[in-house]
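Have a look at the structure below before the remarks.
Note that the chains are named A, B and C in the order they appear, and that numbering of residues resets to 1 at the start of each chain.
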């Protein structure tokens, strides 16, 4: 590779904040080299720190630590003259074309200023200015004009001419075309490329526009929150992006349609938005927060970012693996203390996210409370409480069997097949467009389900079993499902924020996956389990039920291959997954990467939301298991 | 030259401004050519004529005579001189001091900005006339001392104005680029910053000239400014005030002179602002 | 499918002291179908926003308007007292949500005012449901907040909620994502698309960003110097643009795939609104210019696209 003309090393910039001793770290120890003749493009959104990085690198702003060397020499600690001579190697083009030229100066004076400073005589200045005007495509008749007499594109041409006046080696292009119209932007981009070739220039290009950056750059650095999340050749970054943010940017700029589609919202990439916004396109009901929320002590463990995780022949650091599995958020609570918390994809501690089938595990806890209070007998057939289901599979299947997923039912849980019972269930729940006009509403759909054999013998995962239980319990108590959750789980466990549950067209809650809540509240729910059902000094759910769940399913129940493949010896009980690993972890899991992970041995709870592009696959599941176990092992 | 004259057309953009421009021209003309314009130049300069005291306005003495028999018109014409002098001197010095400090504070920022701004706030925390009064009390009455007193209370306004403007211009890309290229501070201050703060400066100066005439008049009125026998409008209003019911013309006409001078300066100040402020000019 | 809005031969002059100073709109013909999105794309000063302003009846008094704006079965809404339609059946969202709210009133007070004007009963419940439907999780807090207390994204959502309070038939979105980061803007577009799917309003989407328009629109209208130069289904126009200006505009979008330095750069600039345009406004920037271009080109149908260009015509 050609020689290094600029070396940016460990540049950090911290801006003081009014209410903080630490300050705001706009740029976090970034190092990168610029090679002669290359274009390095930094792409990032507002507040990513890209402009601050450029300013620090080019000596416009003083970095808090770290620095730049230009052609092997440092920008600081030199005499004025030496600094000025070194700076003659730098050129600057900024976003605001009109603001780049002193409104009181003519075009000639603006371009001549750096030449005068360099001590050039007036005849040579004349020649040079005319040469530059010609090269940037401006007529010499424009020389006497002032900035307000020029168009935006012309102003930017003048700014480029001035930047090139002293024959610089490296030019900073900070959003050079962002305030120009598309057709003018194209003129300027073509001009910049032509000048780079003719004068052997090196560009440090900063822009929020991925199209501009990827068009002009040899290498692209994607910047977010003060760090480069991804650096590589333009082709590498565009063709095989590693970081979800890069993938998101590429998708946004690809021109992919924003058409919202009720049939595909659960798949990537629409789920990246949809999982945080179900209430905008589906009807929901509120599960109310506790008036006295359980406070979480926060003591962040910086070591966690450094742990390495081996999975599928690769080694990842924790941040790398989180990025790899399209994490939206993660909260880790160890021995009651919040030790790790990260948010991505626009999420914040206040954002809610769809739980998918983790909702089932919450239903499991509600049933424990209901059974203990004697509201229901879980060994009774479901149709005992819901006589309208007589004649369906639920005439014989008991509540306990539905809780443990041992109902023998003609039901295909195939998420990718639009003809499967799962797809029909989604249509009935309103999660998909109801094209046929059949299966309107959960109740009428559940009535059509038929038995496939003897119940209680074999494990068979079936989402409909949870919906029928949500219906049953609100029917028996004559109370809406969301109100039961509020009263018996959400408020007693000390939820900080309101959660919500999706309802079907008849207002019946979608028990199999309709809950949305904040990441911290999901962690609070996990805490309830790891603490043996206790929260705020109260027994919220019976300890016996928690212990029974940890113990797993009875050995008599025939397991399923896919369950054994992931968790040898594992089972499903009370709407929870039991790993049968050394630590006897249990967890709730939802499609597209939703988890609540409870490890009783290390007393660790992990709540994690994702928006994976596909509902389930072994690779992502294994990565998640490895990730959770590595965190709990700390 | 033609373009320069055309550039002054804003002074005649409407009737009111045209009248103000004419008034201001008369006022400046009177100050310069007082000895030739005044019907009784000697009386205007202070010579008394006790035979003619308290003559009402009439053909011989258009505006009447004062308590020492001097032709009031001549006195008022001569009075334009100290008025203009004090206005130009006060505004001039205040603008120079204020601009210099404001540029340094605005461009440099940091502790030096803090010091300059705290000092100017100290001055601004007194009502301007009160501050001038205190200063004159220390320095003693007289035209020069009044002038110094007014400069003391006037410069902080300029320092603050220029500081704000300078700090806005400082963050413009062309200043950042120049600084990054290694252009020395003093060149940046003069070439880029000063040149881009002149508009608000001119507008402020034009608006202040009238106000200073008023303030100087007020000082003279309470006896702390110009002293007899100089022809000063404020002094003349003061001397005539006990006679306002019998010899009404003395206070009335000299007061009217102040009123018209201040008014025309203010109207022209507005016209200047409309002309220079690019935001308004563009519409 | 029924037509919600039909604009025919819309022209706007500005007149100062009886003298026509410029004609920023020189013939806008547009049609929006119920439940569909029409995207207007064009560069600065081509008349995009002015078209929206004319539809909303918000042109300044110095403007003289010709042509017809027919809305649903109300007929021409430029005539008669149709003010009530605007603001209830046609509503608008803007680039800057700050401009849609008065800083001295709470969001709740302002939404209530709008709801009262629209004759909505049970205002508190309606407002809460509305805010939730645009993804604002804590409607109570939002209603109590003043505009400056909300983030840009939240304010944007509140503005969308306000525009949808009256369940409009047509929503005009004027550069709704221009001031936002690309990923956030994409979320807003998805939100609007989801709401459109749920509530079935038609939309006029105005932007300088070809990519954003292509993402959201069923039909696209390219506008240049106050005239629609090409319209058609978005996929068709993006795939095979017919007008030289549309071709230039699409060719000017940079990307990693295009070789560096080879973007289509239309020479020159968009003509200033003060220019007195004769014939085809694009002629002097056009590589296909011919003698006929001195006359106004008629609009011809090519497949599903309508194009105003002599070169395509011949």
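In this text, a residue touches a chain if its C-beta (ideal position, glycine included) is under 8 Å from a C-beta of that chain, and two chains touch if they have at least 3 such contacts.
Since the model is a prediction, treat every value here as computed from it, not as a measurement.
Student: Looking across all chain pairs, point out the one with the most C-beta pairs in contact.
Tutor: Here the largest contact count links A-C.
Student: Which chain is most remote from chain B in terms of Cα centres?
Tutor: Computed centres place A farthest from chain B.
Student: Please work out the Cα centroid separation of chain A and chain C, and write it as a whole number of Å.
Tutor: Each chain reduced to its C-alpha mean, chain A and chain C end up 31 Å apart.
Student: When the C-alpha atoms of chain B and chain C are each averaged to a single point, how far apart are the two points in Å?
Tutor: 53
Student: When the centre of a chain is set as the mean of its C-alpha atoms, what distance in Å lies between chain A and chain B?
Tutor: 64
Student: Within the complex, which stretch of chain B touches chain A?
Tutor: Interface residues on the chain B side: 172-174, 176-184, 191-192, 195-196, 278.
Student: Per the contact definition, I'd like the list of chain C residues that touch chain A in the complex.
Tutor: Touching chain A from chain C are residues 43-44, 132-135, 137-138, 181-187, 189-198, 208, 210-211, 214-216, 248-249, 251-256, 258, 260-267, 269-270.
Student: Per the contact definition, I'd like the list of chain A residues that touch chain C in the complex.
Tutor: My answer: residues 45-46, 151, 153, 181-187, 189-190, 193-194, 197, 208-212, 214-216, 234-235, 238, 245, 248-249, 251-253, 255-262, 270, 273-274, 276-277, 279-281, 284, 346, 350-352, 497-498.
Student: Help me check something: in the complex, which residues belonging to chain A touch chain B?
Tutor: These residues of chain A touch chain B: 58-60, 80, 83-84, 87-88, 90, 92, 94-96, 99-105, 110, 113-114, 117, 148, 162-163, 166.
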